[in-house]
Amino acid sequence: MVDPLFAQLSTLAASLALLFGLLLLWRRNLGSYVDAFQSQSVVISLLFCVVGYFGEDPQLYGVALLFVALKVWLMPRYLRKMQQRFAVEREREPYLNVPSSLILAGVAVILAYALMRPVVALSNLPTRGGLPLALGLIFVGLLVILTRKKAFTQVIGFLILENGITVLALLGTYGIPLIVELGVFLDALMGFLVMQIFIYQLHGTFESIDVDQLNQLRH
Amino acid sequence: MSAVLFPLMLAGYAFGALAGLLGGRGSVGRWLVALGAGLGAGAGLGLGAGVIAGGGALVWSSPDLFGFAGGLQLRLDTLGAAFLVLIGVGAIPAAIYGAGYSEAYEDGRTALRRHPRQGAEASGFMLNLFLLSMSLVAMADNIFTFLFMWEAMSLSSYFLVITESSELGTLQAGQWYLGMAHLGFVCVAAGFMLFAGGDWAASFDSLRAGAAALPAALRSIIFLLALAGFGSKAGIVPLHLWLPMAHPVAPSHVSALMSGVLIKLGLYGLLRVSLDLLGGGPAWWGGLVLGLGAVSAVLGILYALMENDLKRLLAYSSVENMGIILMALGAGLIFHSYGLMALAGLSFVAGLYHTLNHAAFKGLLFLGAGAVLHATHTRNMELLGGLIKRMPWTAFFFLVGAAAISALPPLNGFVSEWLVFQALLGGFQIPSSEMALIMPLAVGMLALTSGLAAACFVKAFGITFLAIPRSVPAEQAHEATPAMRAGMGLLALLCLGLGVLPFAVVPLLGRVLAGIGGLPADPVVLTFNLSLQMPAGFGQMSPSLMAVGLVGLLALIPVVLRMLRVNRRLRLSDTWGCGRTGQTPRMEYTATAFAEPLRRVFTQLYRPTKELTIDFHPESKYFVQSIEYRSQITPWFEKVLYRPLLEGIRFAARMVRRLQSGSLHLYLLYISLTLVLLLIVARWL
Amino acid sequence: MSILLDFAQGVLALALAPGLVGLVRWFKARLQNRRGAAPWQPYFELIKLFGKDGVVSNNASWLFRAAPYVVFGSTLAVAFLIPTIFAPQALGGVGDLLAVVYLLLLGTFCLALAGLDPGTAFGGMGASREMTIAAIAEPTLALAIFGLALEAGSTNLGQIVAQTLGNPALAVTPGHLMAFAALFIVTLAETGRLPVDNPATHLELTMVHEAMILEYSGRYLALIEWAAGLKLLIFFALLSNLFVPWGLAVVLTPVSLLVGVAVFIVKLAFLAGVVALLETRVAKLRLFRVPELLSLSFVLALLSVISSFVLR
Amino acid sequence: MASIFKKIFKTGLVTEPLTAGDAETVELVHAISEQTRRLLGRSLAIREVDAGSCNGCEIEITALTGPVYDSERFGIHFVASPRHADLLLVTGPVTHNMQVALVKTYEATPDPKLVVAVGDCAKTCGVFRGSYAVAGSVDQFIPVDVFVTGCPPEPNDLLRGILAAVGRLPGKKQAAARGGQA
């Protein structure tokens, strides 16, 4: 009745998305962050199509297109521009070192599984396998924001978190109405733009995009 | 059979103890002590083996002795018998070894120094008393007997620890040990009191019968008290502090006994109370034990890696191995609580097997470390090296122990770690997802532990025995005496035997817990082709065939190479050092350097303190006269847990000291006030 | 009969091992726009080394001379236990996947001791690094095994293979893919390939595996090099045959065995190409960033186990 | 990531094929691969010893391993330890500082072994002759099989020198065998 392929593909896509999120915790140079984010967005847009095809909701193709335009093309483009401008900056000394944050991410995903257990057990959606992974991705995004020092990385972390929410919504409800989706995208775009301005300001003031520098403002 | 063996055991220990008191110095006295201890331990071993093999439980009681507390009551069931066997396995080689090792104490010398100092005459007596009290702990059948023997065991081992009391730090280590032992004793006693409702004389049978009627919260409190009390003996992190202090300063055969046998009795107590008397509990009991075990295992081996004192390293590694055993037991308790009896049985067998194995290889390693200490008068690995050429037998035996503890096939550590892995892998059958998700983490921790253990023992063996000697004493080292070699040889054989013949041992261990706490008999069956196979359905492996294969290949390779007419000419030459003129020991990798990468990997845990002093030339700072670099690691639990505790105690002690004025009148006042107060309390309250 | 075939497949693995090393080198040479030596070059090197005299340090003990035999013997023992052309049947009960891991650890252990034995700084350095990497790679290995065992219900290699063969959908589950990725990273670490260790380095300070064997010469060196090649082959065989078991001979007829050999060689060549591509692309990681890579593989393995739990 | 591989495939093989260049080299190279195949099982491990050279020779030796000359295709490769080596490639005049090291390296190399001294300095001490730092030419300290002259010698000369040394090997092998029996 329900195509097992659907379950397979959606879980696969969700876990790939999570993998790209983890890559963010592992790498240090800002350029690879953009790559990871872009690849993740590609996977998610494919997920939109998969859900659209199996869930028989043609509207989702449109959302996928929008998603591609925004997150595969537009945002990475600006991110790259920004990254080239701050090319010297690397995520040298995060608050939490790489192995610890990776293992913490692993624990966060376990937590996500434990939290989603009742939901997964109750639901009979074919996509339920991916739900904990999406929640895990949200946690990973939070972890990036919390543990990394560069404002740039935090923007990426925010975008990853946003992607996680998108995946969760997509897998949980087969896509929310287009109009809501549009609003969310607009929100994300606005957030992105605000943070972009913030980063440029930060760099203008401190010659660095280290958020640590903000501590200086206390005096 | 048991009617003969039990008195024989008592008689053997009594004889050994008397010989220790009266036999005086000289080799006759030493051998008489060893004979007594060996006889007692051998009889105990026979007794235990007989009970496990199906001889029926031994019951003995003497209501008149200590009649006020219900009398001494002994009963040897299979669980106790397993630990009696363990005592025998550890004690016989240690006794033989001790006969040779104690020679160092003649004329009041100590192993650490060459010069005569104040000696220890009573150690033979204490050794026998220690073995006897341990044996009787495993046989105790009422609260009084258990606690009495437990205390006797702690005290006699305390006296053994401070044998070399003239050495700096020995007494302090002894005090730590005594303090921790009594802390544990208080917990255990409190647990039993709650269990029995204050009845000192309650027999274990009555406890078992009443356990089901206890409220759940009380049962959990009893369990926690037992875990803390027995855990302090077993060396669970953070109660393990006494192990790296007391083990190094004790005479080496005593260290072997303490590490191989004494701390295992903590496990015995834990199993006895939680599984047998309480009849198992909720899953979180097991989860707690598993978690503590995992933490102990990883932290134990991580701190062992950083040690340069050979015996301290071994002591920390004991913490690690107790952690592994506790992981198995914890998994067993979890499975037990979910009614997965086959898996529970497997876990307990794995834990017991590792207990036995640890007694064998850790005993062996401590004896080997003792031989090194005996020959070089130092435990500092940075001063050793090159001993493989000077003490070939000791080196070989130590290598066997090191390979066994690193779980390398075909030795015994491999088999028991394999069983623990198999038990943990069975964790997916747990219905509760929260508990089931713990299992992969436990597997990861166990694997990390075993990898780090291999690194640790490459360091322990490689730095101590290989390359060129780093000091004069190491250069002048001599081989251990025949008695010491015999003791080590026995244990090395045991390591091999337990590794190659698990199919003979595992069914017996399966019988140990049969029927206790509702476990089925014989959880691990023996299949036709000598391999271990679990009815719970996981892996299959045959260490004996693997051993045969490895030996066969090792024999075959040179033969094949010779048949192929491979060039076999060899020339001796200097070590290649990029053409530098000579080689000195200072060019070798040191123990500290060996562990440095891991110290950097886990630096967030170790948080080493660094201190760099550079002495410049007075004329110019471009000429350095000396550089001194110090780095130290203080275990965090010492920093976080014990330091505040000790400060609190010191503060309290200072407060109490105010009472002490030295005035006789004041003391008389205290006494009178107390008397009056007591009278008032007794009359009206 | 089947026991003879089991041994034959181990011997075949042994025979193929130098060729695999040569193939990786050939691929790499081509990617460096060089002509490179033919893939069978390592065979010539081994023959030459077997013909040369040995030089042994006069500080070294018997352990130094025994270690190459133990390293070679334990690695060869593993070759008899793993599925290369088909899943071993008679020998299948001798050791499972865990036994394989520990047998390989035995070789590492002995080699590390042998590195310390002559008393050089380099040998000690290599031993220390090798043991560090082996220790922190161990959890990933164990968890990847857990993931595989969970699906197959057994740690027996034959059963794992049979399970995936019988259930092709398993091969593309996220758990399976992540376990594969984790095991691939561990393969790079354990066999001393590039981001972790550079097999072609001449600079002692960057060495891991090479530093331990700087003292070896003649037939000892030949045995160690051969064993290292065999270890690479073993990991490749595990990667290819446990995750993509198609092509393994299920029935032991001459034709299926031949097909098995052919498919196995193709799989090896594919993995050799992947490793060569990777080694061309990446630079060696600093030693203290290796734990970061291995913690990534650990998290992957952990996720694979967890997703297997949920999808079970 | 993609760009580097695009570059690699666009560049293609740069190793000079055996048929290119002057006839002498071709012959030589053929001869080398024949010789090494027969005598050393087509595998020759070289340990380079810089006994005090100006590094001019090293640059040429490095070129030998590069993509253009690619000595690896003949089974000639450089190793990190003299224990692994069959041939020592010694450059420069022997300085006092490197004198012991050179002898030690020779001693550390297992038999049968060869020594090729590279560059004019190795033979005559070159412009460094008479310097207070120089102890002498290479053959004063270790037995040299072949001298390769040139300042610095070209990679082709190096190959020729290696070949000549390999040609001397059979005699050495027999001598070693006789020595072993005695």
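By written order: A, B, C and D. Residues from 1 in each chain.
The rule is short, and it goes like this: a contact is a pair of C-beta atoms (placed from the backbone, for glycine too) under 8 Å apart; a residue touches a chain by one contact, two chains touch by 3 or more.
Since the model is a prediction, treat every value here as computed from it, not as a measurement.
By C-beta contact pairs, the most connected chain pair is B-C.
The central chain here, found by comparing per-chain C-alpha centres with the mean of all protein C-alpha atoms, is C. Greatest Cα centroid separation from subunit A: this falls to D.
If you average the CA atoms of subunit A and of subunit D, the two centres end up 56 Å from each other. Spacing of subunit B relative to subunit D, judged by their CA centroids, is 58 angstrom.
One finds 49 Å separating the Cα centroids of subunit A and subunit B. Averaged Cα coordinates give subunit C a centre that lies 33 Å from the centre of subunit D.
In subunit A, the positions touching at least two other chains are 99, 110, 113.
Among the residues of subunit B, those touching two or more other chains are numbered 433, 437, 441, 569, 571, 573-574, 576, 578, 601. Among the residues of subunit C, those in touch with two or more other chains are 51-55, 204, 214-215, 218, 291, 298, 302, 306, 309.
The full set of touching chain pairs reads A-B, A-C, B-C, B-D, C-D. Considering their complex, residues 1, 4-5, 8, 11-15, 17, 37, 40-43, 45, 67, 70, 72-75, 77-81, 83-84, 86, 108-112, 176 of subunit D touch subunit C.
Partner subunit A is touched in their complex by these residues of subunit B: 433-434, 437, 441, 601, 604.
Across the complex, subunit B meets subunit C through its residues 385-386, 388-389, 399, 403, 406-409, 414, 417-418, 421-422, 425, 428, 433, 436-437, 440-441, 443-448, 450-452, 454-455, 457-459, 461-463, 466-468, 527, 529, 531, 533, 537-542, 545-546, 549-550, 553-554, 557-558, 561, 564, 566-578, 583, 585, 587-589, 593-598, 600-601. Those residues of subunit D whose C-beta lies close enough to touch subunit B in the complex are 81-83, 98, 100-102, 104-105, 107-108, 110-111, 180.
Of all the residues in subunit C, the ones that touch subunit D in their complex are 25, 29-37, 41, 44-45, 47-48, 51-55, 201-204, 207, 210, 214-218, 221, 277, 280-281.
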